[in-house]
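Below you'll find the structures, each written out as C-alpha cells.
Shared between the two complexes below is subunit A, which pairs with subunit B and subunit C, respectively.
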Partner chain A sequence: MEYIQISIDGILYGSSYSLIALGFSLVFGVMRRINLAYGSSLLLGVAIALWVENKLNISIIFFIPIVLFFCSLSNLYVERFCFAPHNTKAGVVVSMISSFAIWMQLDEISAQLLPDRTHSFPSLEISTFEFGGIFFRGDQILNIFVAFIISAILFLVVYKTRYGIVLRAVSNSADTAKLMGCNTNLVNSLTFIVAGVLGGIAAFLVLSTESQVTPLFGFWCTVKGLVAMMIGGLGSLTGAFWGGLLLGLLEAHFSYQFGPVFREITTFSILLIVLIIRPGGLMGVNIYKDLKSRDERI
Partner chain B sequence: MSLYIVTILTNMTLISFIAISAYLILIVGEVSFGQQAFFGIGAYMTATSTALLGLDIVVALCLAFIVSALFALVLSFLTVRLSGLYFAVASLSFAELLRLSLYKVDYTVETNSGTVGPNGPEGFQNIRWIFENNISPENFLVIALSSLLALIISLIFMENSKLFKNARLVGKDQIVAQSIGIRPFFYRVSFITLAGGVAGFGGGLFALFNTYIEPSMFGIMLGVHGLAYSIIGGLGYPLGPLIGVFIDIGLLESVRFLSEYRMILFGGLVAAILIIFPEGIISPRLVSRIKRKLVEKNNA
Partner chain C sequence: MAEKKILEVEGLETSYDMIKALKGVSLSALSGKLTCILGPNGAGKSTLLFTLAGILNSDRGKVIFDGEDITNQKTSDLVEKGLALVPENRLIFPHLTVKENLLAGAYSRLAKEREKVEQDISAMYARFPVLKERSSQLGGTMSGGEQQMLSVARALMSKPKLLLMDEPSVGLAPMIVNEIFAIIKQLNAEGISIVLVEQNASKALEIGDYFYLLDQGKQIFGGSREAILKENIIKKAYLGESAG
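After this line comes the complex of A and B, so read on.
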C-alpha cells in the first residue's frame, strides 16, 4: 500500500515536470534550439504578475491571464534578444550561451522584484480526497489533467492546423520554408509566445500547489523541464509528457528510500544514464542509427 | 594597495582559472557547463591535503590538479559519443552529481584550532594554511597571479604547436580533421582532462584563500560565469577569457553603485556582445588577420 501511495504521489508530482517539459519541447521541436532561459523567463513573468497583484489587489480570476501575459512577454524578449540574431546554422551554440546569459539577468531581476526568500502564491484550494485507502491531492489531479489536455491540444495544433503545417515546415528546414513563403521570423516568435503561455499555465499550477514562490523556481523549472524532455526524447511532445511522469515516479521512490538529497541526485543520475545509453531519449529517435537525425544533432 | 582592491584582484585571478578551463574545452568544439565541479573537487582536495594530512602546498596543488583531471577523464570517457548540446547537458548533470555527493561527505577531526574536515552541507572549515604560514593577502595575490601567468604563457607558447593546431581543427570540423588523419577522440579526451586539471588547480587556490568552502559555492552559476567569460573573450588567443573576467568583475563588481545590478547588466551585456561579435571579441579570424598584417609589415 505504501509503495502504491508513493508511486501515485510521484506520478502526480511528475505532472508538473511534464507541463514544463512540453514548453521546452515545443521550442526545440520547431527551432532545434534549447532555450535555457525558459525557467527564469517564467519566474520573471510570475514575479511581475505578483508585483502587479500587490499593487492592485486583484482576484485570482484576473491573476491567471496576467501571469500568462507576462510569461509570454518575457519569452518574446528572450527570443528577440537571444535567438533572432543567431538564426544561422553556426548560431546554435551561440544562442544557447546567449540564453544562458539572459538566464542570469532574468533571475536577478526577479530576485529584485521578490526581495524575500519566499512569497505566498494564491492557491486554488482544492481539497485532498481518499479513494480505496490512497490519498490524492486534488490540485495535483488537476495538474495531470491539464498536462494531458494541453499535450492533446498541442498535438492537434501541430498535426491538424495550418499553423502546425508551417511550424513543421520551419522545423524541417527553415531555408526551404522561407523559399516557400513562410515568414519564419513570425513563426519563431509565435512559437515562443505559445511556449510562454504554456509555461505560464504550468508555472501557475505548480506554484499554486506549492502555494509559495522562491527565486530558485527558475532554476528548478529549467533543470526539471530539460531533464524530463531529454528523458522522454528531444522534441517529442508525447515523450516530454511521459518523461515528466517517469521522472516524478523515480524521484519519489528514491527520495523515500534514501533521503531528500537523493531527489536531486536521482534527477541528474537518470539524465546522465539516459544520455550515455540512449542520447536521443527513451521515446525519441536513436540519433546514432538514423542518418538524417545524426546530421541534425547539435 | 587597499585590502578591497587586493581581494578583487585575487577573485579575478581565481575565476580566470575556470574561464581558461572552459576555453580549453571550447577549443575542441564542445561547451561544458560543468567546470565548476572540477573547481570544487580541487578545492576539497587541497583543503583535505593541507588541513587534514598536513601536506606541503606544492604537493597539495599538484594533487588537486591530478585528482580533478582524473574526474574530467571519467567525464570524457562517459560522454565519448556525445557532442554539442548533449555534451553540455551531460557535463552539467555530471557536475551537479559530484557537487551533490559532496553533501554526503562527512569526515571531521577535532584539532586545537577547531573542527577540521568536510562536514556535509556545513562545508569544510578552518583551512588555516594562510594563517599558519603568515601569508598576507598581497603575497597570496602574487602567488595566484604568478601561477596564472605561468599558465597563460605556456598556453601562448603551445598555441603554435601541432597539438593545439590539430585540436582547433577538431573543434572546427571533425570530419575534415578525420579525413587528414587526426583522431578527434584523442584530442577531446586530452583537452577535457587538461581543462579539468586547470579548474582543479584554481579551486585549490580558492580553498586556501577563502579558508572555508561548502558545496553550494560550486553551483552552476560559477561555471556559467566562467563559460561566459571565455565566450565573450573569444577563442582566438589565451588572453580572451581574461577580457571577460575583467569586464565582469573588474568593471561591474568593483564599481559600487553598479554591483547591485551586476548580474542584470552582465547578462544583458553578454547577449549584446554576442550579437555584435558572435565569435567573441578576440575571435580566431581577428587573430589570423593581425598575424597576416604583422607578416606583411615584416616583409615590407
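After this line comes the complex of A and C, so read on.
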C-alpha cells in the first residue's frame, strides 16, 4: 500500500515536470535549440503577474490569464533577443550561451519584483480526498488532468493540422521550409509563445500547489524540464510527457527510500545514465542519426 | 511574333562573404520554354538559382520576373508570385509523409484554398502514381528517384509560373534520370516555363530549348541547341577536351 501511495504521489508530482518538458521539447523540436532561460522566463512571467495582482488586487480567475500572458511575453522576449538573431547553423552555441546570459538578467528582474525570499502565491484550495485507502491531493489530480489534456491538444495540433505540418516542416529543415514560402521567423516566435503558455500553465499549477514562490523557481523549472525532456527523448512530445512522469515516480521512490536529499541526486543520476545508454532519450529519435540527416541541407 | 520573357537577369553579382560566386550574369528565359544552364562544378549555377529564388541576396544586378522587378525580394513573396525551386539533392522533408510534403509545398495556398489544394494533390497522384501508393509513408524512406518526383510535385503544389530546377539528375541511376527528364519535358510541354540547371549536359541537350553556359561565375555562351552544338565551346569548357 505504501508503495502504491508513493508511486501515485510521484506520478502526480511528475505531471508538472511533463508540462514544463513539453515546452522545452516544442522549442527544441522546432528550432533544434535549447533555451536555458525557459525557467527564468516563467519566473519573470509569474513575478510580473504577482506584481500586477498586488497593485490591482484581482481574483484568481483573472490572475491565471495574466500569468499565461506574461510568461509568453517574457518567452517571446528571449526568442527575439537570443534566438532570432542567431538562426543560422553557426548560431546553435551562440544562442544557447546568450539564453544563459539572459537567464541571469531575467532572474535579476524577478528578484527586484519579488524582493523577499518567499512570496505567497494564490492557491486553488482543492481538498485532498481518499480513495480505497490511498490519498490523492486534489490540486495534483487537477495538475495531471491538465497535463493529459494539454499534451493531447498539442499532439493533435502538431500531427493533425496544417499548422502542425508547417511546424514539422520547419523542424525537418528550416531552409527547405523557407523555399516553400514559409515564414520561419513567425513560426519560431509562435512556438515560443505557445511554449510560454504551456510553461505558464505548469508554473501556475506547481506554484498554487505549493502556495508560494521563491527566486529559485526559475532554476528549478529549467533543470526539471530539461532533465525530463532528455530522459523522455529530445524533440519528442510523447517522450517529454512520459519522461516527466517517470522522473517524478523515480524521485518519489528514491527520496522515500534514502531520504529527501536523494531527490536531486536521483534526478541527475538518471540523466547521466540515460545520456550514456541512450543519448537521444528513451523515446526520442537517435540524435546522432538525426543530426547527420540534418547536414544534408542547403 | 516576339516571345514573352518570363525571366530576365541583368548583370547579377552574388557573393558568399568575400568570395564572389557570380560576376555579372545576364540571361533571359522565354515563357513556356525550357532554358538550361550548364557549366562545370563551381561555375555558380546553384548560386544563380538561390539568388533567383531569394535565398541569397545579390550585390548588384537586376532580376525581372513576369515584367516585375523582383531583385532581392523574400522567398515567401516570390513563391506567391509564382516562382518555385526544386532544390539540389531533393531536400524533401524526411519525417513528413508524402502527403504532408505536398501540403507543405502548397504552404502559400493552404489558408485560402484548402479544397483546391486537395484537388491538386489528387492531380499530383494521377501524374505520379508512385506518390499515391506511398502517400502515408515518410518521405525519408523513399528511393532517390521517388524523392525527386516528390520534390518536383511539392514545387508544383505552389502553382508556379516558372519552375527552377537544380540538378534533378544528381545521384540517380541512369534509368531513373531518363524518367525524371521525361517528366520535365512533359511539364514543359504542358506550358510551365522551366529553368534547368544541369551537370549532365548530354541529357539537357536532348530536352532544352535554350542554353546558357556558365564558367567561373560568368556567362560564356547563350543560344539555341543548334548554336551550342555547332560551337565547340561546350566540349572545351564543360565536358573537357577528351570528350570530343
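Note that in this section the second predicted complex is superposed on the first by the 286 of 298 C-alpha atoms of A that agree within 3 Å, B and C clash if a C-alpha of one lies under 4 Å from a C-alpha of the other, contacts with A are read in each partner's own complex, and residues count from 1 in each chain.
Throughout what follows, a contact is a pair of C-beta atoms (placed from the backbone, for glycine too) under 8 Å apart; a residue touches a chain by one contact, two chains touch by 3 or more.
Not measured: the values here are computed from a predicted model.
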**Message:** Do subunit B and subunit C fit side by side on subunit A in the superposed arrangement, or is it a clash?
**Reply:** fit
**Message:** Which partner chains sit in contact with A:Asp107 here, subunit B, subunit C, both or neither? Use first/second/both/neither.
**Reply:** first
**Request:** Could you tell me if A:Met230 is touching subunit B, subunit C, both of them or neither one (first, second, both, neither)?
**Result:** first
**Message:** Touch test for A:Val92: subunit B only (first), subunit C only (second), both, or neither?
**Reply:** first
**Asked** In the superposed arrangement, which partner chain does A:Pro279 touch: subunit B (first), subunit C (second), both, or neither?
**Response** first
**Asked** With subunit A's C-alpha centre as vertex, what's the angle to subunit B and subunit C, nearest 10 degrees?
**Response** 90
**Per-residue touch tally on subunit A - higher for subunit B or for subunit C** = B
**Asked** Which holds for A:Ser173: it touches subunit B only (first), subunit C only (second), both, or neither?
**Response** second
**Message:** Output check: A:Leu246 vs subunit B and subunit C. Expected answer is one of first, second, both, neither. What do you get?
**Reply:** neither
**Message:** On the combined arrangement from the superposition, state the nearest Cα-Cα distance between subunit B and subunit C in Å.
**Reply:** 13
**Message:** Does any part of subunit A touch subunit B in one structure and subunit C in the other, and if so which residues?
**Reply:** 297-298
**Residue ranges of subunit C in contact with subunit A within the complex** = 50, 53, 55, 75-76, 78-80, 85, 87, 89, 91-96, 100, 103-105, 107-108, 110, 114, 140, 154, 158
**Asked** Across the complex, what residues on subunit A touch subunit C?
**Response** 162, 165-166, 168-169, 171-173, 175-183, 293, 296-298
**Prompt:** Which subunit A residues qualify as touching subunit B in the complex?
**Reply:** 34, 81-82, 85-86, 90-94, 96-98, 100-109, 112, 219, 226-227, 230, 261, 264-265, 268-269, 271-272, 275-276, 279, 288, 297-298
**subunit A-touching residues of subunit B, taken from the complex the two chains share** = 31, 78-79, 81-86, 88-90, 93-94, 96-97, 100-101, 103-104, 220-221, 224, 227-228, 231, 261, 263-264, 266-268, 270-271, 274-275, 278
